[in-house]
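Here chain A shows up in two complexes: once beside chain B, once beside chain C.
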Partner chain A sequence: MKKKSLFLSLVFIFILGIALVGCSTSTTENPPEQGETNDNNEETNDDQNQQSEDSSSESTLVFGRGADSVDLDPALVTDGESIKVTLNIYDTLVKYGDLDTSIEPSLATDWTTSDDGLTYTFNLREGVKFHDGTDFNAEAVVYNFERWANGDKSSFYYYSSMFGGFKGDEGHVIQEVKAVDELTVEFTLSRPQAPFLQNVAMPPFGIASPTALEEYGESFTENPVGTGPFVFQEWKRNDRIVLVKNENYWMEGYPKLESVIFVSIPDNATRLNELIAGEIDIADGVSPNDNTRVEEESDLQLFVRPSMNVGYLGLTNTRPPFDNKLVRQALNHAVDKEGIIAAFYSGQAVPAKNPLPPVIAGYNDDIDPYPYDLERAKELLAEAGYADGFEMELWAMPVPRPYMPDGQKVAEVIQNSFAQIGVSAKIVSYEWATYLEKARNGEADAFLLGWTGDNGDADNFMYVLLDKDNIGSNNYAYYSNDQLHDILIDAQSNPDQAKREELYKQAQEIIHEDAPWIPLVHSTPILGGKNNIKDFFAHPTGSQSLTKVYFE
Partner chain B sequence: MAELARNNAPQKSLRGNSFLLWIEAWKSFKKNKLAVVGLFIVIVFIFLALSAPYITPEGINDQKLADRLLPPSSEHWLGTDDFGRDILSRVIHGARISLWVGFVSVIGSIVVGCFLGILAGYYGRWVDTIISRFFDIMLAFPSILLAIAIVSVLGPSLRNALIAIAIINVPNFGRLIRSKVLSIKQEEYVTAAKAIGMRDRRILFFHILPNSMAPIIVQGTLAIATAIIEAAALGFLGLGAEPPAPEWGKMLADSKNYLVQAPWTMFFPGIAIMLTVLGFNLMGDGLRDALDPRMKN
Partner chain C sequence: MFSYTIRRLLMLIPVLFGMTFIVFFMIRAIPGDPAQVILGQLATEEAINSLRAELGLDQPWFTQYFEYLKQLFTLDLGESLRTKTEVSEEIWPYLAATFELSFVALIIAVVVGVNAGIISAWFQKSWFDYTAMVVALVGVSMPIFWLGLMEQWMFSVQLDWLPPSKRENVKNPVETITHFYLIDTLIQGRMDQFIDVVKHLIMPGIALATIPMAIIARITRSSMLEVMRSDYIRTARAKGQKMFWVVYKHSLKNAVIPVLTVIGLQTGLLLGGAILTETIFSWPGIGRYIYNAIEFRDYPVIQSGILIVATIFVMINLIVDLLYALIDPRIKYN
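Showing the complex of A and B:
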């Protein structure tokens, strides 16, 4: 240990040396530069002071995470960072258990399903008010669902993913939403949807205040108003989002915290250092390499999020040469998943062979994964007519994600093995929101991405990520297979759980053969937090309600 | 006797007998111990850069994920990085990239800067106003900020980083040459050349330019040091060399997550940057002392 610190101080001295040498030349040639450097330093100091002030109170939770939210209207977003915040501002009709995806009452106290599975009737909670003081009632529910159903894919991705499109679309599931009386809502479906309640419980379908929606219009996403445990207060882009306690929350005695501050600290190591320094209370996305650092600190604890995700390399199936199945299969042979997991997940992940994780009912364990075999990959490439390889862009996400703590490094490993089969890949990255938008528009050759399950159903992986209905929303790979589509729709509508699982297993065989992606890993994300934090439940969906959290 | 010697020196340079001048400069350079150390460092790095493919123990992209983050040992003298690549090989290859960026960008800025500076200094008036104000505008930005802006526009790559570094250094050379030309313009031999009807182009490139070379060489050597730092800074910010190129700044950025776990991954690229920059700075200072007539005893 002593040796290490000696070595470290040496490193610092040399780094300091470099900085000084840099300064001396720039001062002689370019005086303005030094002034600039000083300014920057002052700014960082200011920032740090501010942060320490914020975390001084024990009823304020500072949640450090890898990226800022994209939007605060949950219906507009697909990224986990946005949902982590909106989940605490809005309530859904029903919600998940603390650590699983079982269904519990929320804004609806109870519900009934008709025998044919086409009608759901929800009885709503009495006396709930939106943050702007207006009443929550059946009309508000109808207003929200009507708003989404009349939208389009450029706005409400999740609605279209989960409910088969929009009003007028052939596959649209929700035929009608009707307010029976002040506190009763009736949903009529056009076909049975087995995971309907699971879907309605998803945070993107949080009920927003109709009054606020009309008042703010386009800027609602920066002025969110729901019924949830916390009220939105302030959003500084790329820095922080501040929420304060909802004094009139319907759940008696909750929330326990006075306020929550979400701060974005993109670098995993920096975020952990801030936690160790006490600047933040919870660090999301601790690098797998760093779990021992958290365990070594006596005043910190480790939260393990149950794994329900997949990290993958999507191949845009419409762009040549990736429109060729053989090429996609060849690339599937050329990724050393075990090596990636050992190096950049510290072994806290399992290699993926299917698009959904093994915990989900319907996972097909009989699939034989494509082995890491560069010779076989070369043969397949030659068969496809690319014996000399080709050039491509390999997109790597700029921010750490739960399913991929360091996309750039994973990309470099893949780049290296691709080079060995003659495929020369250029690693490209954009700012996170741009990255998602461009990939969604099909502008990438191949892109690293992942998915954390929203509701624990196979439908939420298979249909959402790979059905042709979802091209332009969550099917970033532009993969389209009619046979698969029929199976997935059948599985979605069939009320018999055993039959559904069988259908999903069949679907995985088709996907395995077509290889629209290279499934990489199912990771076990870890978080670090202060020891005195109680009742923080790291939910498998990646976003958790902070209603019950308190400091001891 | 002393009087005579003093009179002789300028006459030599007037006759263009520059060879003797260089020998004299070298003698004075040799006396400066620090400058010789600088020269030695620079020569070592140039040698490493030129012979990199023949002397490195391993390929720069030989990933061995099983051997990642190994501390320095007899097998890997400087240890391995987070992909299990040999750091020694990568640092040596990094010298190629850094020196290449340093030399090429500085030569680029010298060519453009000299051209603009000569025009401004020789023709004066509105030509001078336009060019000089243009330099002023560029110098108003902190150089690294300007470089970041240029790279953002062109797109991040090593070539674009090189272009950006060349651009930001243009005004330094331009101004230097301009002031030099302004003073040389008054010299008698220029007047004489004009009097015999020599064309502007010939005066500029055969009389004025060669006589302004000394400060350019000094400034150029020092600018290489800055250029290397700037390239490393851009690489560190992810705006320079693209993976898997072993650029020193990028190596620093890649290994900053392992500062505690594997400090050698940061230590050695950092040392390499420091040494080359130090080498060029010492050498540049020595050259200035040797080439500046006013510093001579």
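Showing the complex of A and C:
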């Protein structure tokens, strides 16, 4: 009798569960409706299902990475995980080379620049269509640039950062974008911008379908439509994004893959296990210490991403005693970069002496780095009036970054060396968003941070990270030097590349002398992948096109 | 019983009300501004202010709280700041993922835990008893992170029996209906996928079950030991009843109340506290959903997510209380 009532109550709970389910079934995802190509999509769907039933998965690439994308409208995002995906859905007018940031044709087949550097004319590729069937033409380009230029202030950061703000702003670079004819676009600039093509090639400036932008409005970011090698199919937030081959891609014979699945696997060790177990094909962000585990497996290979980043210890230049140049120089002498690299990067990094990584044009190799010399550091501290040292906070980031796999441990090494010159550092950490915000507000004495280049131009490091204009944004160190500012502004608009490089070299000398940071390392992030993956190019910007990838 | 249930349900109202209050202010006490986080590193002051106004974050706190309560009364959980989707709409798949995993973990924890406890009590001071209790002690203090990675290393990397993480084979994904993959695959008659889903559930299920299993085993053992010393058990044995029946029928029934309490509490913890397991096993569950929301300062998602988990927690404990009366006729609610 009692057993019966127990049973009944269990049944009741079960029914309650089912009822909950019933309430919510209507909220399952809306499949992306893509107008005319809907039929096509369904076909590819079916194809895909059949393939999985045949279990021939060699045309599907599963890309494991640490986090999900934030948005799939590239103009809105700043995070690498979003761009890794959008780069494969959209094309830009010009693009970067497979493994460097040289400029290659993409949606524009060729272009001309006027002698004064104020007019750029692009000839566009013929016969290209967006994934929704809309024609790609000059009007579409104008539509996209107009959309960004008229951006309300709460979006399109990269546009405003690369092109000096929005329409009506004093510094706005792009005065006018005009469709000369069906396949010719003319950009008129208000002042010459040396890295203009480098900027236009950045993934945030992928050209989106005007029809889809109007149709989806705010939800475009979840229904992205471009001209790129892959068509968006499905997004399960926090889990995976599925792209399928664009059958009509303009690059003859490409893409080679039938589909790409980006899966979020937050834990580094788990991601590597997934790769070794054969569940995923590429694992992004392999911890440097795990490279041997990949090398040991005969069916796996390592991909090394050419270094285009810098990891540094920023010294907030406005907070005493770091407002004293001698103190900053002293601390520069007190960090054993080689030791840090050997211990935490498994050698997958080079010590940094400049804010600029060596691959970037304008790198000043003549700079003599501050040697690791505790005696010299003590002398400098004494000279600055801190013979007995001082107490400080040393901030360590809470999350692994490509340029800093383990901030906490690096901080401990630095803490240890500082202690030997009488500087007692307390290690502090916050949750990531909080960390960035507090550091940006100048609340840290010294903080670990880093930067990965967006477009391979020196401006993207020097001006963005160290110019006084960017205090309160990416100049976390609150470093301000008027002479440097003039040089950097000159270099920004000077169309003569050789002259620019000269200016950046000069700038690095000033920075070396002022020592606003302790530059630590330029790391080479590594990825692991199956051995039969060919033509996967780990791009230095951190995001790569998968157009050419295939399984052997 | 009925009136008791009603009373308990009514008591939910002040509890949940207090809950909203605490959560609302706690998340606003975290440094970090949603507008800043949404707009990213490069945003201007002006942009941040205009977004703050748009999100209503420039209003005084009591206005914001009042607005939030007003919303809740109309059963509106709000809209995610990040995805611009209704929370009530997007939360279900995550909840379902967590329910499914917790359900499996609970079954493992109860079946193994209760039986280990019983056998330990039955053969007190035997080698089984000692082993089980040492294992339970290790289980309680085991870091899930480490256990999860060891499981992966053993069963995926070395033996290649089970997939290391995730909910399904992404190359052969489950078509979702209820978002309970075990049910979905069965409805569609996809046995291959069903097996795949089961395989994906085993390791995270065990990892998540470890701590509750150990606690349940220890409580069951001590509770059983107490009951088995009582007179009626001695009588039953003296009558020559089979030991098995004495233990599983006569003793267990009287020993089960404290065990049930622990199970209730642990179930609540499973639902809310699975974040570590979800991270190690890339499980798209409610814990990670809320965790990501915290990273993005997505206030509506954090508020509603925590509120829902809290409600479930309270409900489970209510159900446990009601089960007491069903199992033990001496317990009456009037």
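Quick note on the criterion: the second predicted complex is superposed on the first by the 340 of 552 C-alpha atoms of A that agree within 3 Å, B and C clash if a C-alpha of one lies under 4 Å from a C-alpha of the other, contacts with A are read in each partner's own complex, and residues count from 1 in each chain.
Quick note on the criterion: a contact is a pair of C-beta atoms (placed from the backbone, for glycine too) under 8 Å apart; a residue touches a chain by one contact, two chains touch by 3 or more.
These numbers were taken from a predicted model, which means no experiment stands behind them.
Engineer: Have a look at where A:Asp336 lands relative to chain B and chain C in the superposition and call it first, second, both or neither.
Structural biologist: Once the two structures are laid over each other on A, A:Asp336 reaches chain B alone.
Engineer: Considering only the touch criterion stated at the top, classify A:Lys409 as touching first (chain B), second (chain C), both, or neither.
Structural biologist: first
Engineer: In the superposed model, does chain B or chain C contact more residues of chain A?
Structural biologist: When the residues of chain A touched by each partner are counted, C comes out ahead.
Engineer: Which holds for A:Thr109: it touches chain B only (first), chain C only (second), both, or neither?
Structural biologist: Once the two structures are laid over each other on A, A:Thr109 reaches no partner at all.
Engineer: Once the structures are superposed on A, label A:Ala269 by its partner contacts, choosing first (chain B), second (chain C), both or neither.
Structural biologist: Once the two structures are laid over each other on A, A:Ala269 reaches both partners.
Engineer: Just checking: does A:Gln483 make contact with chain B only, chain C only, both, or neither of them? Give me first, second, both or neither.
Structural biologist: neither
Engineer: Identify the residues of chain A that lie in both the chain B contact region and the chain C contact region.
Structural biologist: 17, 21, 24-25, 28-29, 267, 269.
Engineer: Quick check: in the complex, which residue numbers of chain A touch chain C?
Structural biologist: Going through chain A, the ones touching chain C are 2, 5-6, 9, 13, 17, 21, 24-25, 27-29, 52-53, 57, 60, 62, 68, 70, 77-79, 152-155, 157-158, 160-161, 218-219, 222, 236-240, 261, 263-267, 269-270, 273-274, 276-277, 279, 430-434, 436-438, 440, 472-474.
Engineer: Within the complex, which stretch of chain A touches chain B?
Structural biologist: 4, 7-8, 10-11, 14-15, 17-18, 21-22, 24-26, 28-30, 32-33, 35-36, 267-269, 287, 289, 293, 336, 339-340, 342-344, 406, 408-409, 411-413, 415-416, 419, 426-427, 429
Engineer: Where on chain B is chain A touching in the complex?
Structural biologist: 61, 63, 65-66, 68, 82-84, 139-145, 172, 222-223, 225-226, 229, 238, 242-244, 254, 256-261, 263, 266-267, 270-271, 273-274, 277-278, 281
Engineer: Taking the touch rule as given, give the residues of chain C at its contact with chain A in the complex, in rising order.
Structural biologist: Against chain A, the touching part of chain C is residues 30-33, 35-37, 39-48, 50-51, 54, 82-84, 88-90, 92-94, 96, 99, 148-149, 152-153, 156-157, 160, 163-167, 169-172, 176-180, 183, 279-282, 284, 288-289, 292, 294-297, 319, 322-323, 326-327, 329.
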